[in-house]
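Each of the next two complexes has subunit A plus one more chain, namely subunit B in the first and subunit C in the second.
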Partner chain A sequence: MNTICRLKVVIILLWFVGANCQSAMVSIKGGTYTPLYGVDSLQVTITDFEMDVYPVTNADYLAFVSKRTKWRRSKVISLFADKSYLSKWVSDTIIGADQSLKAAATNVSWFAANDYCSSKGKRLPTIDEWEYVAMANETQPDARTIESYNEYILSWYEKPKTFNSEIGSTFMNYWKVYDLHGLVWEWTEDFNSVLVSGESRKDVDTDSDLFCGSAAINATDLMNYAAFMRYAIRGSLKAKYTMRNLGFRCVK
Partner chain B sequence: MNIIKDKSKYFVGLLAASMMLVGCGESKKKTIDPASIQITGTMDAVLTSPPYVPESVGNREAKKLIVNMEILEEEGTMTDGTTYIYWTFGGSVPGSFIRTRVGDEVEFTLSNHPDNKLPHNIDLHAVTGPGGGATSSFVAPGHSKTFSFKTLNPGLYVYHCATAPVGMHIANGMYGLILVEPEGGLPKVDKEYYIMQGDFYTTGDNGAPGLQAFDMKKAVAEDADYVVFNGRVGSLTGDNALTANVGETVRIYMGNGGPNLVSSFHVIGEIFDKVNIEGGSLINENVQTTLVPSGGAVIVEFKVDVPGTFIIVDHSIFRAFNKGALGMLKVKGADDKTLYSGVKQEGIYNPEGGTIQTMPTDGKPKAKVNTNKSLKEKIALGKNLYTKTCFACHQANGEGITGAFPPLAKSDYLNADVQRAIKIVLHGKTGKITVNGTEYNSVMTKQTLTDDEIADVMTYVYNSWGNNKTEVNVSDVMEAKSSH
Partner chain C sequence: MKRIYIVLAIITSIMLGSCTTNTNKDQTYQCPMKCEGEKTFAKQGSCIICNMALKPIKDNTKTLASADDISDSSIFNLTTKWNTEEGNTIELKELKGKTLVMVMIYTTCKAACPRLVADMRNIEKKLPKENLKNTQFVLISIDPETDTPEKLKAFAIENYMDGEQWTFLQGSVSGVREFANVLAVKYKEISPLDFSHSNIISVFSKEGELVHQQEGLGVNNNETIKKIIETFK
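Showing the complex of A and B:
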């Protein structure tokens, strides 16, 4: 009895902390840039928008499913989330023993993430918006040509089990946004608009306008590899898929 | 080597296989369209980790063969003290061995473990179809994909991951072999093994300790830090060595995952009786070294006639001795002195005849041996000698090669007994010793160095790499000589 009470207090406390964190957004000043693999392959113009500082945490998501019961694990419709939806949770409202409330919420489908953001009056970022913010390092809005930055990203792709790290444990970038690289993959609104079949050699050959960038892969351009891996993971997803390494954040 | 001796056996084997492989003389090649082979029944494929292979298909009918393979991204050992994040098919590098026969309908399910970070797929070179299955098997972490194909061409084929960036997926260990046997199976042999070579590119140089990350630049420059068999240094040495008995025929399914380097596959002290060139149907005989292309494979067969340890190498030889591409086949059994005698006699060789006992000196006075060298001078001279004489086996930093050449760095065996160490340099050493907890059973030849040189080089060794800083003097060397 006593422990349960204490647990509740802790949860409520963390909920507040989490809620404060979550509500924090920063404004991103728009601009024009060339994404590595864009739908139109040319320059993209981003208008001003606001982005969550941190990915949505387990605490945030717990609060969400407490209210929106249709997203509870036992209630969710299989059309909108596959079998591994919240699979590490103990029950509908208790997260796993080895999970941290302050870690990014993962094993969440695109439908669930999308609805979460709507419920906050926000939306998921587009690929172009996400990539625009994510090309910044600590000091520069576009760090894509800096070797150490690229190496950092590539090294995360190789590191196993980072999904249980707490939010804010990586660096704050130029826009004051945390954890775009180094914690989890993140859903984007139009994740499947750039189609990567997975057979990369084929993509290079046939969709030459889509992947003209591939032809330019040369000895020193590490960035293409890092970006291509992000596009590859997006290409492998369906909206109902959930993954242990895949979370999300919202924008408006 | 055994062609003559074993001619009858060989021809029986050839006859059995000839229906499938070659039409001799007037008898026309029997053409069965493999696509028309009917399947009867279903079976689960047995998958094995290297260096083992599943049992031969024998005489079984073509079947629906169920293959389940899981992709795991996990940390593993590259060499003692060095780890690496491997991406694997089935938890091993190379991935599990798949054995099929012509006409099988393979139902392949590829599962990507939920803890994995990346999507993957599989391109099997044995598949006739777009991307070799890659397009149909692209799978996100925590999911699985199933596709099926019919095996149309007998041979040994590489499979690998073809997700972008392809080079990185292969460089991290995502390759393996699939064998398609002809109807009736390959001729029976006594021992079958599975080896695959791969090159690895790490941020630290060869031997740098700790978890090493993949180095993209080195990979593009094809500047490998490790070239190894079965994913790690020492996978086939010491306790992991392959074994056979005298008189047995050994068949090795040898593949090369690459991503970059071509292998010059060779077994020191053996000749391949038969080689299925490039894993196909063409058989070459009596081959010393066979080329295995990156993304290709060969089947080699040889009869082991004499006992001993046969070293398996990539004969691009620095890869073997400095980058790890070294394995062992230990053959047990009775000596056959007519095939290999061993050392019969040792003697002194004097090209000018027995009367001249010293080398001519051109009239110049012989360089005087400086007997009053400082410790620093001795170490400097010793280092020079080390890099000429000892380095090839004991390696640049005395680290040795696990399973083959014992380490001199922080070596308990070395530090325990200086006189013993000097004697080994003087007389050589054969047989089992245990160094830093690892057993070695190898040969060191005696070294043709002067007493002074031995003192210098041993002083260098004892004053390097965490050893006990003994200073070895000429008098110590003389003592060792006289006590023998």
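Showing the complex of A and C:
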């Protein structure tokens, strides 16, 4: 009898641990909205999906590289990550002394983030999906016209070293998602669909010699400076780049 | 309890043992005189007809593995699968050994792609003949849902690019996204059948390392030609 009881306890514990391992997700109800960079029809329709509540943490990423050795700092190839990949870590499996296990994993390339998500049966969010969830504040799904929302984001851009903060330290938005603003920038699946040329002076003119059909892409909401910054960052990234304040989360 | 350990130990040793015998099996032997044609044997021994000792045959896969020494930055590290316009399924490393000139296009494109394709043909025209046979021109579709191998083949014929030096590739949506990221090509679907994309022609060495990128349309291609020729030195 005793042994059966113990077994039950063990099974319950295992189940609990297993459930905890899979990072929590919330479902996002789809809808239609106009992103900063509209396309022909200007409206984008998002279908229902699930999103990670928090960005992927150092602890999550540590577990990932201990299993997938090709993403260890010493093993990663230069095709997939630049030299600053996980550069703040002490070794392949030890994070930096001033880093928290509960802080967002940063200094990871798009290739690594992409593989992380697919190893969990998930994927990176598209820009449109990410922006759709990120335009919410605590109470409204679309807070882009609210002054305090924009001010909050812009004040974050001025705050130094927020990447050291632990996940969940910013606000929970309308969709019950944390940390979209205020912690780190995040990779998106199709970050390379932002067509601005490298030279900032050229961004005013769409360079039709470099980009086929680039005239179709123009900012629809120039007031939304915060979003403008995000698109600018995405436009300047290459997939193997890694940055101290660039992390990611997955969707399904 | 002890019994379980013993059983476990036996099972693992059997599994390990079977592994080693398996690897030996991969080696095949053949009569050096080929008395029985191409017949191969699984074990060492002598030929029944001429009595000579059987020789181990070099395994094709093994020679490939030894030639697999590719550098960190080589695109042959990518393991995604691609369909060619001829209906074959390949990995990029099967293109190894030739200088690669690559560009991303889509066949329903009306604006830049015809000019990009023309740029590719101009590069081909300007290359010295002896270099041409060691160069492969690869056009990768950014619209894999529309551009099936059949469509790509038709496009190749229509544009006089059906020769052996031309290869057209259809990938998966994620494979194309990954490859575009390797080339630093940006693209966005504007509407079905219409994409914005950066106009970049990339040159890769025989080992799959990026040596040059030509950006823009109708630009002077002397630099690109020079870099291609340098890959043969």
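Structure notes:
The definition used in the following text is that the second predicted complex is superposed on the first by the 203 of 252 C-alpha atoms of A that agree within 3 Å, B and C clash if a C-alpha of one lies under 4 Å from a C-alpha of the other, contacts with A are read in each partner's own complex, and residues count from 1 in each chain.
In this text, contacts are C-beta pairs under 8 Å (C-beta built on N, C-alpha and C of every residue); 3 or more make two chains touch, one makes a residue touch a chain.
Please read all numbers here as calculations on a predicted model, not as lab measurements.
In the superposed three-chain model, the partner touching more residues of subunit A is B, compared with the other of subunit B and subunit C.
Once the two complexes are overlaid on the shared chain, A:Ala239 sits against subunit C while remaining clear of subunit B. With both structures placed on the common chain, the touch criterion links A:Glu189 to subunit C but leaves subunit B unconnected. When the two structures are aligned on the shared chain, A:Tyr157 is found in touch with subunit B, with no touch to subunit C. Contacts of A:Glu50 after superposition: neither subunit B nor subunit C is touched.
In the superposed pair of complexes, A:Trp110 makes contact with subunit C only, with no contact to subunit B.
When the two complexes are superposed on chain A, the residues of subunit A that touch both subunit B and subunit C are 214, 217, 235.
The part of subunit C that touches subunit A in the complex is made up of residues 72-75, 77-78, 109, 111-113, 177-178, 180-182, 184-191, 194-199, 215-218. Contacts from subunit A toward subunit B in the complex involve residues 82, 84, 87, 154-155, 157-161, 185, 196-203, 214, 217, 219-220, 222, 224-225, 228-229, 231-233, 235-237, 241-245.
Of all the residues in subunit A, the ones that touch subunit C in their complex are 39-41, 77-80, 110-111, 114, 189-190, 192-195, 208-214, 216-217, 235, 238-240. Every residue of subunit B that touches subunit A in the complex is listed here, in rising order: 73-75, 85, 114-119, 121, 123, 130-131, 134-135, 137-143, 162-166, 168, 172, 213-214, 216-217, 220-221.
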